[in-house]
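Below: a set of structures, written as structure tokens.
Below are two complexes that have subunit A in common, paired first with subunit B and then with subunit C.
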Partner chain A sequence: MLLKHTTAEVAERSALTVNPAKTCQPVGAMYAALGIHGCLPHSHGSQGCCAYHRSALTRHYKEPVMAGTSSFTEGASVFGGQGNLVQALNNMFTIYNPEIIAVHSTCLSETIGDDLAQIVRKSIDEGKVPEGKTVIYAPTPSFIGSHVTGFANMCASMASQLAEKPAEEAAPLDQVNILPGWVEPSDMREIKRIMKTMGIPYVMYPDTSDVMDAPMTGHHEFYPKGGAKIADIKSSGSSKATFALGAWASEPAAKELWKKCRVPYETLDLPIGIKATDRFLAKLSEVTGTPVPDSLTAERGRAVDMITDMQSYLYGKRVALWGDPDQLLALSEFLADIDMKPVYIVSGTPGKKFMNKMESILGDVVPESKFKNGERADLFLMHQWIKEQGVDLLMGNTYGKYIARDDDIPFVRMGFPIYDRVGHSYFPTVGYMGAIRILEKILGVLMDRQDRDSPEESFELVM
Partner chain B sequence: MSSLADNEKLKDDILDIYPAKVARKRKKSIVLNDPGEIPEIQANVRTIPGIITQRGCSYAGCKGVVLGPTRDIINLTHGPIGCGFYSWLTRRNQTRPGTEAGSDENFMTYCFSTDMQDPNIVFGGEKKLKKAVKEAYDTFHPKAIGIFSTCPVGLIGDDVHAVAREMTEELGDCNVFGFSCEGYKGVSQSAGHHIANNQLFKHVIGKGEEKTEGEFKINLLGEYNIGGDAFVLEDIFEKCGITLGATFSGNSTYDQFASSYSADLNCIMCHRSINYVAEMMEEKYGIPWIKVNFIGAESSAKSLRKIADYFGSQKLKDRVEEVIAEEMSAVSAARDEVLPRTEGKSAMLFVGGSRAHHYQDLFTELGMKTLAAGYEFGHRDDYEGRRVIPNIKIDADSRNIEELSVSADPDKYNQRITDEERARLTEERGLEFSDYEGLMPQMEEGTLVIDDLSHYEMEELIKAHKPDVFCAGIKEKYAVQKMGVPLKQLHSYDYGGPYAGFAGAVNFYKDIALMVSSRVWGLVGAPWEKGESLSPVYVESGAPAVTMTE
Partner chain C sequence: MSAPILKERNKQVHEKGKAAFDLQCDRKSVAGSVSQRACVFCGSRVVLYPIADALHLVHGSIGCASYTWDIRGSVSSGPELHRLCFSTDLREKDVVYGGEKKLSAAVRELTAKHKPAAVFVYSTCIVGVIGDDVDSVCRKAEQELGIPVIPVHSAGFAGTKKDGYKAACTALNKIVGTDETGEISPLSINILGEFNLAGEAWIIKEYYRRMGIQVVSILTGDGRIPDIRKSHRASLNLVQCSGSLTTLAEHMEKEYGIPYKRVSYFGLEDVSKALYEVAGYFSDQDPLIMKRTADLVREEVETYLPALQECKRRLEGMKAAIYVGGAFKAFSLIRILRTLGVDVVLVGSQTGNRQDYEQLESMCDKGTVIVDDSNPMEMSHYIVEKDVDLFIGGVKERPMAFKLGVGFCDHNHERKTALAGFEGTLNFAREVCASALSPVWRFAPRRRNSL
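Moving on to the complex of A and B:
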């Protein structure tokens, strides 16, 4: 047994986290920054932070993840990291020639109180930022929130520091803003396809498609062709509306756009599953006055057809989920809608809304469900719940494989990080096509299990 | 493609793009090798901010590398969640717990953290740490708990050592000890190794009562059982009749560390990460150390012979020769099979603090040439040999790492070998004690040796020399491969291995042969990108058959 010390008896813990269902802010900020074209993310802290974050993202995407670090030493930690950051900016612009550098802080630089705004200003004043180049920054203290918070903070900085306030009398541009949230490059590509199919002009950021799924060409493109263009992000201040997908990852940026540029916003769930996608398309249609085209309605029909066809394999199946709140809320609703029972849900990411929203999704349909978020809402707790009463399916990041193996439970990988399988960067889970992909994965593992466990006489050819 | 003769110019070209100050500093870390007269290389100095380095931090070296592979110590990270999360199962330290109750503990699959929050940073985290230690003890009942400090811990002044002392006393049967391995300590993972060595030495080694029994007792130091390397070596030692007391720290347990003082010889694999323990054990317990290398079949044979020479027993020498002969027949067969595909090809190695050296032996066995190499966190002695240690200037970053003063243990000190015998073995058998010759003497004249390679330097090296395989880590892997050059990860072995010992050499031969002869690289680039003409069969008189829309 790989997790042999995990027993069903849940002991109250008030200080110890075991097997976390979250990581820290900076990795989210780094991922978000990679969604700007020509951007070099920069970690203002010890080297280890940058090394860990680059490694985590690289293992998840199997792609180069370029980023700089301020390489704090003991001296910088005592006297402040200003010198390190100014030097780093100069070196990175000179050696790696990015269009933009997106700096995020770390627990170290936050603890000593480095002021990123002031240091960046100083670098500009001292001529360390070449003409026409840009630096943005986001505070991402690791001791607050989670990796999702860091992603949200960097997106908020893109909005507040790049988006330009339109002139008083200027008419808004004929476009909307999409803040896609922390999703895969495949999902960002899919959202763009949906917008194109709807025929709605849009600006989306961040956009990691064609960055974190870059083609093999025989050359290392330090700045791949994808990513939101700075000019587009600038123009987002003049858009007619903002659609923030995912309250945790995207709402802070939408709020910044409202505060700075008075762009009204709608916060929606991530369009994962049927109903959340319905709401996204309906809202897009309502706000822009664009009808949902038949082709998307047909996609919806295909997804629902698959669900109704295969309903008997899904009905009543107990599922344990872990990951990030935006994904978990939409996914739980979807699973409940297809007659599955999301019984155990944990997310290390804090936020009071989580419990209320989950209650409203599951309270009536899966009254036996247990869910928790924030500190100590970890995989150890979830595994203990599973030991108490088992589940038919696990859905979450790679770390679930230890539970899956120990307790012999079918496992669908979803979320961050996925270190041990590929596909997530290429096949979306958002939209109706994403729903089909999720269904295919769920049905695949459940039916494989049935094939493995059925007695020979009831081994089925047709299922 | 450049030749070695062009390296001087390549070095100048590389430095050319850097701002003047950076160029001045990097110049000293980029050296054209001369094995005859080893040049000085700048190493173990601060990385220049913004340069894009391979390096990690002190915490990674301490918790991740040295203590990570010990299965029955609860490694509790004191800090915000990230550090614990990223070091959770991401190194491939394999372990084989026992099956009986009492020997079956394995906490390596778990991640333990105090998950410090804002108020802990503002008001201090000691209280939470104490509680977390208590909760870990109550739930898991480990015999030892290590507390690992992350960056904010040192800055806010949490005293992890005081907490450890207090909790050891309170818990009674659990040894709790702390590590001040904040990420900003030192200049790389290396500082963390040293910190880990110190604390292991202070709090664990020598605390065991049980003595390892056996005729030829050794410890293996600096072997972390990546991909099962230590398992291979355990098998070899067993075959030879050599008793392995403790491995630091692959497939290890707390008790093995505690009683490791009773071995008669310390054999060091990774000199960088563990030489401190070897030095201190010699002073305190009288155990001599020798450098070994079990990467490469020839090196493995040589290392076994060194051990046999040390013990001097004819029975052991004979047995070792038998084992070598037996193993070598499989090795030769495997080598003969792959040589046509590997011979004459080239490699570059930029990794770790010993691997960039050790793996050159395997490439030599494959008939492959090492064009350039360097360490991520090595020191000058790892490049130039330990003889330069007295000349290494101790800078502020190194001075901050504690140097323990050690003296002979009144009860447990036992000089294993007389000075005369030692001198005789060196003289007659070429057995060097307490020595490591470093990487440079082995590399060809004119090859580039570069410490703490930057990403930019890496790309320039590859463009200039087009090696057939590049060895580094996960952060470099896909950038290099996008350039059309296969990258072999020498931290994780690309999830393959083991590569140590004779069986490991065979695995490595096969993996490298596949890498340098793979057909997949031939798929890079579409035919129309490569300018291959597409014959327009359906097009009459130059007009397209269909009209393109939009």
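Moving on to the complex of A and C:
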């Protein structure tokens, strides 16, 4: 009973986060940067930050993660980390030979006031960045936002620093931009499949498929074959439109593309569940004038068929969710659509829109639902709610396993990080096929539970 | 292909037999190097973390707390407070106005709820820079709450992981020597630098019990504040994982006159040697202790040797690489692997010192590559060049080894079974056998005889 201290009454806390439902910005920036082909992420801070982020991503993906660090010292923290970063860039290009280095800051370098833009400019001026190589940078202070903010900031930097403004009179290219948001390599692969099925030319970044799910070859590829190509990202400034999936993770980059290159954008929910996928496809169809092909409509039909077949196992089930806003909004809507009750939802990621949007999704259909984001919206709070009145299912990252065990609740892992199961790298949760995958996972744990708990006489062979 | 070594690192890589041995170590990592090292905070956190009845409050941005939440398999036989994650989660306004008030409130809220035996407050990079007076907050809280509230000065940039070990020792030293009550046997020890991963401390403690020795405290595996308070009254300190707790042992020697010995519990040879040394130390006071120890060692060796010989038969002729945090562990690993018929062709550590590396060099065969503060590119290169079959390392090395198609055993935080003591030696051998000889490597395109 690891969480035996948790009681049903909600303890007032003024200053403390217990068992957080978030982590800090830089890890998100590192993950985003890995979605550029030939990119070496770089952490401008103490050595530990980089080690922790690499370990976190390695535990989640079971993949080697390469990243450099400025290895701050006492001296750097007093006099600034400029020297460290200039030397680091030089060393990394010399020995690791990446196409691009994506630098992110840390709470330390932000607090001492290092100006990444200025340091990168200086490195270029001093010839530390070889001809044809690229450096981008994103401020990711750990004391603002969360890991999602860091991901969004790095994506915004890709847009603002790599995308090229088209010539005045030039007609837009026959392509659209997809900003997939913080999703798994499997999801990025699935989004690409959908685009291909639709027959719409696209540029997508970041793209961690074939990077964070690289095949085993017997060689350690520093730069696996996947990742968005720099040339493609550059061309995103000339695309017809941008589809930003997930307001938290992707909208800042879409705004940058609009500001710099006047590419109009649509911010959509992550295409998780039936309705969100419908909206994504409808919008794609509307903007590009491409009809949704029958094969995708058939996938939708299969997902809906599965829901109708299994509805008696789903309806009325109370679900507790935690994780990141973009996932939680789409997932809550999907759960409500399949007649489940997302009753408790927490996200450590701040953002005022979250409460309003959640209210609009759940207010009428699950009026008893409680949700909170930002400070002290953590798993301790979630557990107190659950103690108050129980749930039938938990959905979220690995950190829910303590609650699942202590209170014996079925648990579907979804989100970041997942340290104790595999599959998320390979099977998507986006699109109609993703909906089928989510359903399969939910039904699997709920029906296993029913089998385990039902008395012998009502233990059923056919379910 | 020549080895991809940063020129600043040339002196931190040595191939035995190629040149005179002059390995540089104890250096700051080169900026830009994909180092496997962590920071001061990490060093403090891993040492103190296993103390299960204390509260571990991380004062800083959320990341430092969340990345160290329950990642070390240090098992507790009782309280599990150490496995929860507590952070002051400093935000922008705290960076501007300071985080002292928040810290002070957090300590009080936590203590009221959990009634811990002590509170450790880790100050991280950002706290070091915004200048919170953590000492004074802790002092005030301690007076008010009546339990030790101990600042751990672990700003990540203020040195290396080793400095974090020192900060942890400084913190522990504030608890040592604060309880004079109760009887303690003259045949008594403290076990230092043992973190009870997968229950290893329990295995070792049981050996000492069978030898007739009282274990006063374990620092810090399955650790308890009341035991640490009394630890200054033990007769002998035994220091494993030399890097982390030597500072405390030295201090206890100076302050309380407790001598210390460096020991290792990995491998039949080393664990037997450790137990005999301790028995020898106490043999004047208890003439029968040598006999009891000899019986124990014989019994244990007889139990595990046949199975170990079977492992050796299967592993004979294989080649291994070792990359660990502290070099001391590498000595034991080289000895174990040798007894299993495995050659070590690459060995390195994150934080070894000059003396450690000299000893490593003397133990290694000609052609073995020795590295300090290495990185995945160097290691990948040598794994391929030396045609390694097996890698012994930690979390960041595991997927690299697997991608290269070689077996792996985690001898760090994520070890799956107890690897210490006599039974741990067999567990290690079995894990090594299972991974190095796995049929999956036949599907690795690079490996010889692949399908």
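Following the convention adopted for this analysis, the second predicted complex is superposed on the first by the 463 of 463 C-alpha atoms of A that agree within 3 Å, B and C clash if a C-alpha of one lies under 4 Å from a C-alpha of the other, contacts with A are read in each partner's own complex, and residues count from 1 in each chain.
Rule of thumb we're sticking to: a contact is a pair of C-beta atoms (placed from the backbone, for glycine too) under 8 Å apart; a residue touches a chain by one contact, two chains touch by 3 or more.
Note that the structure is a prediction, hence the values are computed from the model and not measured.
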Partner chain in contact with A:His42 - subunit B first, subunit C second, else both or neither: both
Subunit B versus subunit C as contact partner of A:Thr69, first or second or both or neither: both
Which superposed partner A:Thr208 touches (first subunit B, second subunit C, both, neither): neither
Contacts of A:Thr242 with subunit B and subunit C, given as first, second, both or neither: neither
Partner chain(s) touched by A:Ser186 [first = subunit B, second = subunit C, both, neither]: neither
On subunit A, positions contacted by subunit B and by subunit C: 2-3, 5, 11, 13-20, 22-24, 26-27, 42, 45-49, 51-56, 58-59, 62-74, 76-77, 84-85, 87-92, 94-96, 106-108, 111-112, 141-144, 146, 214, 216-221, 348, 375, 399
Residues of subunit A touching subunit B in the complex: 2-5, 11, 13-20, 22-27, 42, 45-49, 51-56, 58-59, 62-77, 84-85, 87-92, 94-96, 106-108, 111-112, 141-144, 146, 214, 216-221, 348, 375-376, 380, 399, 402, 419
Of all residues in subunit B, those that touch subunit A in their complex: 17-19, 22, 46-60, 76, 79-90, 104-107, 109-118, 120-121, 128-132, 134-136, 138-140, 150-152, 154-156, 182-188, 396-397, 400, 454-456, 459, 473-475, 477-484, 524-525
Parts of subunit A lying in touch with subunit C, wherever the complex brings them together: 2-3, 5, 11, 13-20, 22-24, 26-27, 42, 45-56, 58-59, 62-74, 76-77, 84-85, 87-92, 94-96, 106-108, 111-112, 141-144, 146, 214, 216-222, 348, 375, 399
For the subunit C and subunit A complex, residues of the former touching the latter: 4-6, 8, 28-42, 60-69, 71, 80, 83-92, 94-95, 101-106, 109-110, 113-114, 125-126, 128-130, 155-160, 376-377, 380, 383-384, 395-396, 398-400, 402-405, 443-447, 450
